[in-house]
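Input: a single structure, listed below in structure tokens.
In this document, chain identifiers A, B, C and D correspond to the written order of the chains, with residue numbering beginning at 1 in each.
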Amino acid sequence: MDLRIKRERLFDEDVYTVHPDDYRALCEQLKKDGFDYPRAISSLDMGYGLRVVLQLTRMSDLAKVEVRTDVSYDVAAVDSVTDLWPGVEWHEREAYDLMGISFRGHPDLRRLLLEEEWDLHPLQKRYDTGGYLIPDWRPADWPDPAPWQEPAPSQEDAAPEGGEGE
Amino acid sequence: MSLLNEVWQAVKAIGTGMATVHKRVYEEAPTEFYPYVELDLPPVSVQSLALVENEDGTERCIVCLQCERACPSQVISIERHRNPEGKGFLIDRFDIDLVNCMYCSACVEACPVSSIVTIQDFELSTYDLHTLKADIDFLHEQARRSKKWYSPKLGVEIRTEDGRIEKAPPEMQPGGLAELLKPAAEEEES
Amino acid sequence: MSSTIGLEPVLGRSDEMIVNMGPQHPATHGVLRVVIGLEGERITRAVPHIGYLHRNHEKIEESRTYFQVVPFTDRMDYVSGTQNELPVVLAVEDLAGIEVPERAKMIRTMFFELFRIASHLVWMGTAMLDLGAITPFLYTFWDREIILGIVERTAGARMLPNYYTFGGVRRDLHPHFFKDVAEFLDHLEKRMPDYEHLVLENPIVHARTVGVGVLSKERAVARGVSGPVLRASGVAYDVRKAFPYDAYPEVEFEIPTSDAGDTYARFWVRFQEIYQSVKILRQLLEKTPKTGPFKGRAPARLKISGERYRAVENSRGELGVYVVGDGGDKPYRIKHRGAAFSNLQVIPDLFIGAKFSDAIAILSSLDPVFGEIDR
Amino acid sequence: MSLIPIPEDRRFKIKLIGYDPGRSRPWLERFVYSLYVVAFWLFVIATYAGVPALFDWLGWDGGWGYVVMRALQVVMLFLLSAVIALMLILALRKYLGKVQERYGPMHYGPAGGIQTVFDALKLLGKEDFVPAAADWLTFRLAPAVTFVSSFAIFAVVPFASGWTLADSNVGLIYLIAVSTLSAYGVLLGGASSGNKWALIGALRAGAQMVSYEVPLALVFLSVAVWSGSMSLGKIVDAQLGVWNVIPLFIPFVLYVISSLAELKHIPFDFPEAESELIAGYNVEYSGMSFAFFFLAEFVELFLLPALIVVFFFGGWHGPLFGLEPGTLAAGALQSLYFSVKTAVWVWIFLWIRATLPRYRDDQLMEFAWKAMIPLALLGLVLAAYMRLIWR
């Protein structure tokens, strides 16, 4: 399986930056590799798009991994991983609520902290602290090269191998 | 038999619990009768803010706006103008919104001349929150009324009976440990 | 807003009563609202709602400097004071490369453990209040008062001291700090048997909690719960041991775990944690130098780029923070991972099928603090 | 100038009636509380000895005079119940305060002595509110049902030999009938409030009543079998030699547990359960309606310990120092013995309240049906057997 992915090592964590379409596949792979403990889903406004950051731990050897994926403002949606790790349910709802990222396949994607009638996602940089649109805010251009790497055609096995322990 | 034992254990545990509770009847309550008895707060306790003047009544504050910049709640607002005679600035307005202040004492730490200080006086209860927008007179008044105050640069200062301002003894200071230990170390050496 | 979001009445089930538990309810520890379907006393459905205390700390903190962020974090888990400041401080220290003196680390750890005891004492009182016993609440609050007094003498404030800073702590210890803490620990060790008599050994507490709200090991891990709730389900995961920070590598302590996973196990684990905290504090009282630096060298204006997730084990579990800096003196994004936030997700798992009275006991054993959950 | 006018001395000094910082004058506290006890005792003497003596002196001791005399005694008992409620509320608050390392009421009256009077006045002054969803008549009647049924227990309680309103020979059956009614008041009040929490509280009250009434009746039966009478006066008389608590130990324990349940007292306070059902059946009550629930609770907190004393601890028996039974002095002394024994039991109930957490309602039901009823039957059989052997 070819994943569009970039692998890094940051402090004590493995960081995988992945194409949003491959996010779910990578998560399934990580789940198979034994990453059973979901710590958090964070979301970020990158200026050019929104980023989902999923942090996982493997309880057996305490390996930590961070999965990042960037989506554009127009198609702010990734696949939900609630069925793999039920513990991210509220984190995904929070990311949807405050940052406006939709999670496809989430069982109960409602606003978590704000009211249902609220029509903005306050953590996006286009809103100021008071919740008003910043008038001269424009999204930046998509970075070139993209945060992830296209799989090299020669490489046979580009799938991540999980933690260093194996 | 095991059932009887279980019942006995339960009765014993309830009895122990009741004895534990009743033991406290004979202990003295640590309640403090606050409005009648003055609370003994530590000198570094952050209860309110004040602006200290010098002993001769001149302004200690140099209006450098450090506190305004340091404030996380952004409740300090200062206006100033350049001193026409001599150096520095003079205060036009110095307001602290004590309602929205969260008493983190970041302003106190930012102050280079230890002018803005924390005091232990907390009795500011009011029916109207607007009265807690403290202006400079109010802040001076707070400092004049309180007998001791704290700022990280100068530590705890106390106002003596005759109105002089002195540094408090080391046991009142938050980091007075070194000074407290000093004589002991000297004695050991000698 | 409909009063029963997520819990619409089911046609043809006239025997189900839908009850709003909270946001104003004595047992919800703040402003939790759980919409509960009741069949007699048995809970058929439960949908938790949070957000009644939402202040959007994360957005506010984006417009403050790193130094100004720290006092805001205090306001999250207001029961455990300085514990909230530590993840931000650690993450920023990592990113900025600030060295922390050994003594400062030890002071931080001592305050951390003092607040763990304080928080567990509050939990003990409120949990027993939920179970109907009024007296332990008063006892634990008196004991907690001593801790707050000790903290106030050094840090200047009682509950929300704003004491940690990048590179150490803000002020040196009060001259009597070591004596105060030693006295308090002696006092607490005298009091702990009383608490055991009133809470752990009480047959009514047994009847109310043993076998109630069982959270299996697998479910606990998959739900991402942490802290005493996770350890009561038999997972010996403790950030203090797993990813040590501050002075924890230098002290000896155990991770109490229980395999039962029920409400009683969660009670028991918290009790054991108080004993472990006492143990840690006793070691640190001996190890910490009486004098020395309490603060490392930190720039007056922090400019940080990079991103870092740091977690600490606070009284409720893994309190994490994800700090992103864009090279300015203000964080680009701060995301708090609340421990109680994740723990509270198990409400539907544990509530459904339980009795209504059990739900109160289960909720008290989760020990939520809403400042941190709603942020 | 400053925005707030700051007085010279900001530490405001409030002068309250008889303020006392607690530690300094404990004798005052004791004096005030002994005044309550004396008032209670005088009330008892006036009701049971004074009123008949007055009517005897007036010569109205037959026909309508007798009816008026009894009515006057009932009015006296109503006042007595108010005194009891004031006393017990204060005792509860002070005792809980002492146990919890605080002081309890301190400010009104010497050492907080008349705090409850002020509380009663406050409740009187509050709006008596009926929710729109409530059933008006039932909602209004429920506190009365509860109070009256609690108050009616007074009729058969003997304070001294012959000092009782009606020493009926079916006193025990009357007790069962009347004391069950108070649960009906709770049930109706909760169900008619139009509030879900109150409804759950009412349901719990009903379920609880079903579970403790049966062992309670069996305990009454064993007392009746052992004493050979259903009249409370005769039951007390039969304990002249040895108190019932020794032969009837099992029924005694069961009676204490059932009393706690009937009182809705702390290990079994499910209908109220403030941490679960907020306030349960009385969540919608305010003002005097609420006060009557409260009054009923505290009158019961006196009466059920009193019944424990009557059934198991020899009632008003005690050394008479050569006084002739039936005289005023002997009656006063006997009522004092009775009151002291009752006070000890009230204290034990308060002590339980200060210590224990709440049981679960289905656990009480399970306990009642699986443990208490078999034990009560056992106690009944034993009582009957012992009666055959020894009497």
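In this text, contacts are C-beta pairs under 8 Å (C-beta built on N, C-alpha and C of every residue); 3 or more make two chains touch, one makes a residue touch a chain.
From a predicted model like this one, the values you see are computed outputs, not experimental measurements.
> Any idea which chain sits dead centre by C-alpha averages?
Nearest to the common C-alpha centre lies chain C.
> What is the distance in Å between the mean C-alpha positions of chain C and chain D?
Between these chains, centre-to-centre, one finds 43 Å.
> How big is the gap, in whole Å, between where the Cα atoms of chain A centre and where those of chain D centre?
That gives a centre separation of 64 Å.
> Provide the C-alpha centroid distance between chain B and chain D, rounded to the nearest whole angstrom.
50
> Show the residues in chain B shared as contacts by 2 or more other chains, in ascending order.
14, 17, 20-21, 24, 30 - these are the residues of chain B that touch more than one other chain.
> Any chance you could list the residues of chain C touching two or more other chains?
Correct list: 135, 139, 142, 198, 202, 204.
> Give me the residue numbers in chain A that touch at least two other chains, ranges are fine.
none
> Provide the full list of chain pairs in touch.
Chain pairs that touch: A-C, B-C, B-D, C-D.
> Chain C touches which residues of chain D in the complex?
Contacts found on chain D: 96, 99-102, 196-197, 199-200, 203-204, 266-267, 269-270, 273-276, 278, 354-363.
> Show me the residue ranges of chain D that touch chain B in the complex, using the header's touch definition.
Against chain B, chain D makes touches at 1-4, 6, 10-14, 19, 21-23, 95, 97-103, 351-352, 354-356.
> Using the touch definition up top, name the residues of chain A that touch chain C in the complex.
Touching chain C: residues 10-13, 36-40, 42-45, 53, 55, 59, 62, 66, 85-91, 98, 108, 110-117, 122-123, 129 of chain A.
> Show which residues of chain B lie in contact with chain C when the two form their complex.
Against chain C, chain B makes touches at 9-10, 13-14, 16-17, 20-21, 23-24, 30, 41-42, 44-46, 70-72, 102-106, 109, 118, 150, 152, 170-171, 173-178, 180-181.
> Could you please specify the touching residues of chain C with respect to chain B in the complex?
64, 67-69, 71-72, 74-75, 135, 139, 142, 145, 152-157, 160, 162, 170-177, 194, 197-198, 201-204, 290-291, 294
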